[in-house]
Amino acid sequence: MFFHRQELQHKATPDKPDAVYAHKLQEVLGGQYGEITVAMQYGFQSWNAHMPGKYRDLLYGIGAEEMGHVEMLATMIAQLLEKAPLGVTEGAMQNDPTVAAIIGGTDPQHAIVAGAGARPVDSNGNPWTAGYVTASGNMLADFTANANAEMQGRLQVSRLYHMTDDAGVRDLLAFLLARDTMHQNQWIAAAQELREEGIEDLPVPSTFPLSKEHREASYQYINFSDGQAASEGSWASGPTPDGKGEFEYLAEPPAGVPAPPPTKPDVRFHGTTGMPEPVEKAMGVAQDALHKE
Amino acid sequence: MFFHRQELQHKATPDKPDAVYAHKLQEVLGGQYGEITVAMQYGFQSWNAHMPGKYRDLLYGIGAEEMGHVEMLATMIAQLLEKAPLGVTEGAMQNDPTVAAIIGGTDPQHAIVAGAGARPVDSNGNPWTAGYVTASGNMLADFTANANAEMQGRLQVSRLYHMTDDAGVRDLLAFLLARDTMHQNQWIAAAQELREEGIEDLPVPSTFPLSKEHREASYQYINFSDGQAASEGSWASGPTPDGKGEFEYLAEPPAGVPAPPPTKPDVRFHGTTGMPEPVEKAMGVAQDALHKE
Amino acid sequence: MFFHRQELQHKATPDKPDAVYAHKLQEVLGGQYGEITVAMQYGFQSWNAHMPGKYRDLLYGIGAEEMGHVEMLATMIAQLLEKAPLGVTEGAMQNDPTVAAIIGGTDPQHAIVAGAGARPVDSNGNPWTAGYVTASGNMLADFTANANAEMQGRLQVSRLYHMTDDAGVRDLLAFLLARDTMHQNQWIAAAQELREEGIEDLPVPSTFPLSKEHREASYQYINFSDGQAASEGSWASGPTPDGKGEFEYLAEPPAGVPAPPPTKPDVRFHGTTGMPEPVEKAMGVAQDALHKE
Amino acid sequence: MFFHRQELQHKATPDKPDAVYAHKLQEVLGGQYGEITVAMQYGFQSWNAHMPGKYRDLLYGIGAEEMGHVEMLATMIAQLLEKAPLGVTEGAMQNDPTVAAIIGGTDPQHAIVAGAGARPVDSNGNPWTAGYVTASGNMLADFTANANAEMQGRLQVSRLYHMTDDAGVRDLLAFLLARDTMHQNQWIAAAQELREEGIEDLPVPSTFPLSKEHREASYQYINFSDGQAASEGSWASGPTPDGKGEFEYLAEPPAGVPAPPPTKPDVRFHGTTGMPEPVEKAMGVAQDALHKE
Amino acid sequence: MFFHRQELQHKATPDKPDAVYAHKLQEVLGGQYGEITVAMQYGFQSWNAHMPGKYRDLLYGIGAEEMGHVEMLATMIAQLLEKAPLGVTEGAMQNDPTVAAIIGGTDPQHAIVAGAGARPVDSNGNPWTAGYVTASGNMLADFTANANAEMQGRLQVSRLYHMTDDAGVRDLLAFLLARDTMHQNQWIAAAQELREEGIEDLPVPSTFPLSKEHREASYQYINFSDGQAASEGSWASGPTPDGKGEFEYLAEPPAGVPAPPPTKPDVRFHGTTGMPEPVEKAMGVAQDALHKE
Amino acid sequence: MFFHRQELQHKATPDKPDAVYAHKLQEVLGGQYGEITVAMQYGFQSWNAHMPGKYRDLLYGIGAEEMGHVEMLATMIAQLLEKAPLGVTEGAMQNDPTVAAIIGGTDPQHAIVAGAGARPVDSNGNPWTAGYVTASGNMLADFTANANAEMQGRLQVSRLYHMTDDAGVRDLLAFLLARDTMHQNQWIAAAQELREEGIEDLPVPSTFPLSKEHREASYQYINFSDGQAASEGSWASGPTPDGKGEFEYLAEPPAGVPAPPPTKPDVRFHGTTGMPEPVEKAMGVAQDALHKE
């Protein structure tokens, strides 16, 4: 169950409205790595968890926090839009670069659809989609996904920080940056703990029998480009992070195998086969019934 | 530039057709973590790279390999579909559970749209979308995204491995599992190398001044759920993975701040404000011109 | 069958071109509540109707009108774009705010994709999707959906009215506003008539036996937030609109039930279960065959 | 702020697993009118509200409840999937219709992507999208949208009720049906209260000056189909629900106006104009610079 | 303006219901090349046309026909669904392959969302999207798009013809096949006529000055794969269809040019540049203001 | 297999950065007819081909070239973005129309998401989707689709050519224009060759027995609009391009057939049927079991 309290985790009030910036800030609300993504992602990971205890509690605990971040950003955006002009094309824009920037730099749907309200979309107006969510049931994979989400999220917030000099906005971003710092650290620590406790290991999934994969190819860097600088990396020689092998560098791919011959499906799919004979003949007796009416 | 050779990196021929399995195998071709995703992701990361040398070569080298994986899976799927029946509803299905399974378990578009060919979609027929791709310009974030993609991908392949007993299919999956093992190890090694070389560090982005974030919240686990088990994790106390702090556990959130008052945008957005006076009056003199025709 | 006549229901010609406004006007052509939505929605409702007679005729009659509205808006947008400039970045824009606004405020695809033509997209360029359409087979639900669509549509048109002072555009909008007024009234009247005739009733669907729902929770307002003002509403006490109960106000939720224990699916899904034993052992004898090659 | 409690509002445990039914139940979790939609919709309406007090508290109070419904359904689906088989095509399916049904009737991504977990998608596997959300800032329109959402939602739950005889599932559905009954009543009551308090009125938006619309068309039913039964409805004569007019029935549309002449955009859009002269000539002198390199 | 007549262009009644086939038939209603696509495509091409006369009349005339095809298919699908069962998982399915096929082979949303009605989606349940529509303003390009749409459409209908032996369904498909035959011929004829009248020519757009393209590459087949069979085609030597050149075959690509050096954007984007110095220093004096609070 | 070489097919370096133009250029990288579309389309057509030899080699040969075009455009866009400003709203924009244009005319995700890198999206920021791809297995249909793709692509490039005067950008576009000229010619030649060799013919699919379609409607132009100019076209009289008939012009449609009566599905779908009796009674005895708990 979820409960709402009519407070915000941190102050979310701009010094002054800025509809152009509201447009941009949508990215970390409703974008691929925005707060809706992590709220939903941690939620589905917790509901699908196969273990009680500290890992699931971690997901529960942070999932609800992220829903509160959704609220803070929506609240901030609504205030940034508070003085959003209607944007009449003629007249005003002709003499004023600021108005011109506002006309071009605002999200038309902020005005037309939401009446100066926040929307569950990204900074290009793409609606948020659950195609962004990862919840596989394997915690080592998912915590890595989570670490990435917090990295991409903090990166985007830091870029947005440089795009405004509004102290109120920056104050909220400074808080979100701190929380993303925490969450990056936390998912990395949790992923490491899964390995230390012997619950999961590399490669993911560690419960699949390694003997069933083609082990000769498990640690080969195979270079499909013509630069050779990748041979200098730690991924080209030395022990592997999973502790189970040694990296090997192949400057170019081994010989492949011939492609199989093209397929010949049922003639009634009417694919191009190079056989110009009539379909009736090709289909033969057994399929006659289908062609009678 | 890309060049094509009419060979496959590994044999990709099933022992016998299986249109139901072809439907499922689409996931690792055209799904969120399928081969199209990683091919495009490594491609865009390389084209957007800001450094020449080993890291960019790594992206180039593996990106082209993944395009070859797209080809191997498409080739395999086309062969699995080679004997795909047309699936007439009446007649055949009434007495045969196998036919019933085929009718229900195949992708209708494999037959109707592609004429027994592979498609750039997932196992539910959702078209692949570039919303799956990550290429931020920050390599520590992106390599973590890549590690996750290879984990999710190998997890899905391992599940698919258990869903067939066709030796030809399993042989290809065993090869893909090995390559995913390599790629997981490789991205983890590369992420570590970025840190060791001092090019990037935690938290991402490490080039954003930490002093500008609200440091008091940077290492707090704040529990927004009512279980306390998360206090037992390594993310609740002790040094943080970024080496810059100590984790702290808050059993419940600190007091929040009051939500700001609701916004009052221009009355011409016709939002509900509780002020029933006529809009003409509210808009006043300055906006008269807009209302004249 | 549909027939086309080379006339428009109302004049749809702007006084002068305005490519920035064309961008915005796309919302009511190809947005969530644009004319394509209602044309398709009323069409599918009529084709799926289970009764002949006045309700189906109502759907037929208005569905075709909406297709004509699609045409009027497309025609208007094409004319607004008639003088759309190509938008060369360099040169022109440096000295002229109007050009700057045009560069930023126009839809690039209007020029690049459609050659100064209308497109089936919204004001952010999102392609229209049938995910907007509602046609459930239950007319009381669907007429409520229709009333909402006409309300949202008229709201958007009214906002767009304030965003231009072009008399020709405003003349068309004034016509659309009137038709939306009609259509709001009409769907509300039709929904009411369904109830008066005893064909449908609240709650929808009225044909589902009420005795099968948990009636003790059917009229409780349960407050999951910490404000108490909602207790003052007509939804907190007194008779309910369905005429079958009395509203009740619960200041906070009753106690819940414990969450069920986490699931333990087949080990071959390789989810994290906290059981580090090898998968081979866990799967046991019966599944041996799957692992042999 | 949102807080999570490790309880469910109602018991959500099936009597036995049923992966085929889990597939269907996804509709009311992640479909157009599923619980994610209403949770997000009420959330954005509250964050965009322009008035404090009972209406906003209503949105806050129910929004958090719906997040708990998301959790209940996800929990139920994970349990329905607990014994989800891997679905090997060959062998098992040949002799057993039940297996055939499972192969065809389950969501492949439940197994491959989520490892027997719930997903934020509908019953066809389409990812949830924020294109479903409505939050316009006008409460009369939005509460009508909400009433519709609860009607469509209850209709879908009632259909799902008939599709299982699992007592545990039906118990949860019986609870959801009751809550949907409440929520339908509540939004209808709230919409009515807005009108009674004079805050909003029909037609929406009531704050737009009626004098600016083409009033002669505001109450005409215009029949664009060839049936005349719609003339019998309450929308064809008599007073209108907005109390501001009388319905009128037009058996067929009045004469239209001629379509405007086709547009002639800049020749450099290379549209087909019927003028075969070379573009260089048509572009003339002033545009010469663009063509020089 | 569009008018509706309560007739169908051709009989659209199945001999008996078949919910599994209804699922498949959705492809040609709401798929990439279904009737909604062509109805919208011809509509937008007509509204964006830059010439009055025979070409625009052609678009008008066929566009309205296609809307009638949408209606015929929706009507057919609703009837195929008329006896759609509810699909209770337990019980019925255990002993009956037909039921198993129905459970697996039907679209769950046909039952849950539409109550046994047609939907604007394809045979995998993907909502129709305007991303399928082409309307560029250039008629030679667009008529080629139209020819393709009618080819793909007729191909899909012919595949669907083989998937049923219901005489009523086949009768409708036989009509649609005939109309697609007409429409293929018609668009090819119209494209040819554009060329004969000198209005458009190859290459499209013929109004762009050929002298501005790199003519040395305009007729070279450049082989980026390692097979040489393409040298045997009519595209490898001889005159070109545009009548302006001779095909040439290059067995492999000419030497390329070196890739440009990687980009170095503003450090405040926090991309990985290999320069570990602090961002403060790199940003220098001029940007100090941004970092002050 | 695909191999990468660290060269570009043609120089792809702008004379100077232009973030506004980068935004527009995305269309031909990640739009409906951008390079990703053709690269994937030719790839899937080759992998699904049913014939070895010159046609498949043609697809292989050009598919890899198009992947190189993806790379050239991504490289160009990254350089155009190299000096992309952060776009602080306040301050800078007030006095400078150029800045205003940049604020409005750039893609916010170029900065926030990609850190001044290219993205797999179109010029409105819509992610590329595989819904754009055509690969049906029928080569005459697919080569027509390819011809169209190259026409639309060249049309868009020519429009983009006029939108810049940057010589470096124009040089790349001039190369792409030439390649599109080649590819248009090539697909038209290949489609013609399929017909000349008797492998495919009009109408597509030529292998479906013509006798099974309603031949009386196969060559009729049926006019559903009220203009008669279409009677003047070559599609209204004379021999048809498939060489199998004569066009006929019908000034208006023949009489249709009555629409079938509305459907009456199972009452448990709770559709509106006009029968107000209780559902329990309507469902009768046989369904009692479903309603017991």
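Letters A, B, C, D, E and F name the chains as they come in the text, with residue numbers starting at 1 for each one.
Methods note: a residue touches a chain if its C-beta (ideal position, glycine included) is under 8 Å from a C-beta of that chain, and two chains touch if they have at least 3 such contacts.
Being a predicted model, the structure only gives us computed values, none of them experimental.
Traced through touching neighbours, the fewest hops from chain B to chain F number 1.
The set of chains touching chain C and also touching chain F is given as A, B, D, E. Common neighbours of chain A and chain C (chains touching each): B, D, E, F.
In terms of residue-numbered contacts, B-F and A-D present the same interface, as over half of their contact pairs agree; the other options in A-D, A-C or C-F do not.
Two chain pairs, B-C and D-E, are weighed by contacting C-beta pairs, with D-E ahead. Chain C and chain E touch with mostly matching residues; of the residue numbers seen at this interface, over half occur in both copies.
The distance from the centre of chain A to the centre of chain B, each centre being the mean of the chain's C-alpha atoms, comes to 6 Å.
In this assembly, the C-alpha centroid of chain B lies 25 Å from the C-alpha centroid of chain E.
Averaging C-alpha coordinates per chain places the centre of chain D 27 Å away from that of chain F. Residue positions of chain F touching 2 or more other chains, listed in rising order: 1-9, 32, 48, 52-53, 55-56, 60-61, 63-65, 68, 75, 78, 86, 88, 97, 100-101, 103-105, 111, 113, 115-117, 121, 124-127, 129, 131, 136-138, 140, 155, 158-159, 162, 165, 170, 205, 208, 212, 224-225, 227, 253, 256, 263-265, 268-271, 290, 293. Taken as a contact graph, with one node per protein chain and an edge wherever two chains touch, the assembly is complete, since every chain touches every other chain.
By the touch criterion given at the top, residues 5-13, 32, 52-58, 60-65, 68, 75, 78-79, 81-86, 88, 111, 115-117, 126, 129, 131-132, 134, 136, 138, 140-141, 144-145, 147-148, 151-152, 154-155, 158, 161, 170, 174-175, 177-182, 184-186, 188-190, 192-193, 202-205, 208, 210, 212-225, 227-235, 240-242, 245, 247, 253, 255-260, 263-266, 268-271, 290 of chain E touch chain F in their complex. By the touch criterion given at the top, residues 1-6, 48-53, 55-56, 86-91, 93-97, 99-101, 103-105, 107-109, 111-113, 115, 121, 124-127, 136-140, 194, 197-200, 205, 207-209, 212 of chain E touch chain D in their complex. Contacts from chain D toward chain E in the complex involve residues 18, 20-21, 23-24, 27, 31-32, 97-98, 100-101, 103-105, 122-126, 155-156, 159-160, 162-166, 224-227, 253, 256, 261-265, 267, 269-274, 276, 278-280, 291, 293.
Put simply, chain A touches chain E in their complex at residues 155, 158-159, 162, 165, 167, 170, 268-270, 289-290, 293. Partner chain D is touched in their complex by these residues of chain A: 1-9, 30, 36, 40, 43-44, 47-48, 60-61, 63-65, 67-68, 70-71, 74-75, 78, 113-121, 127-131, 133, 135-138.
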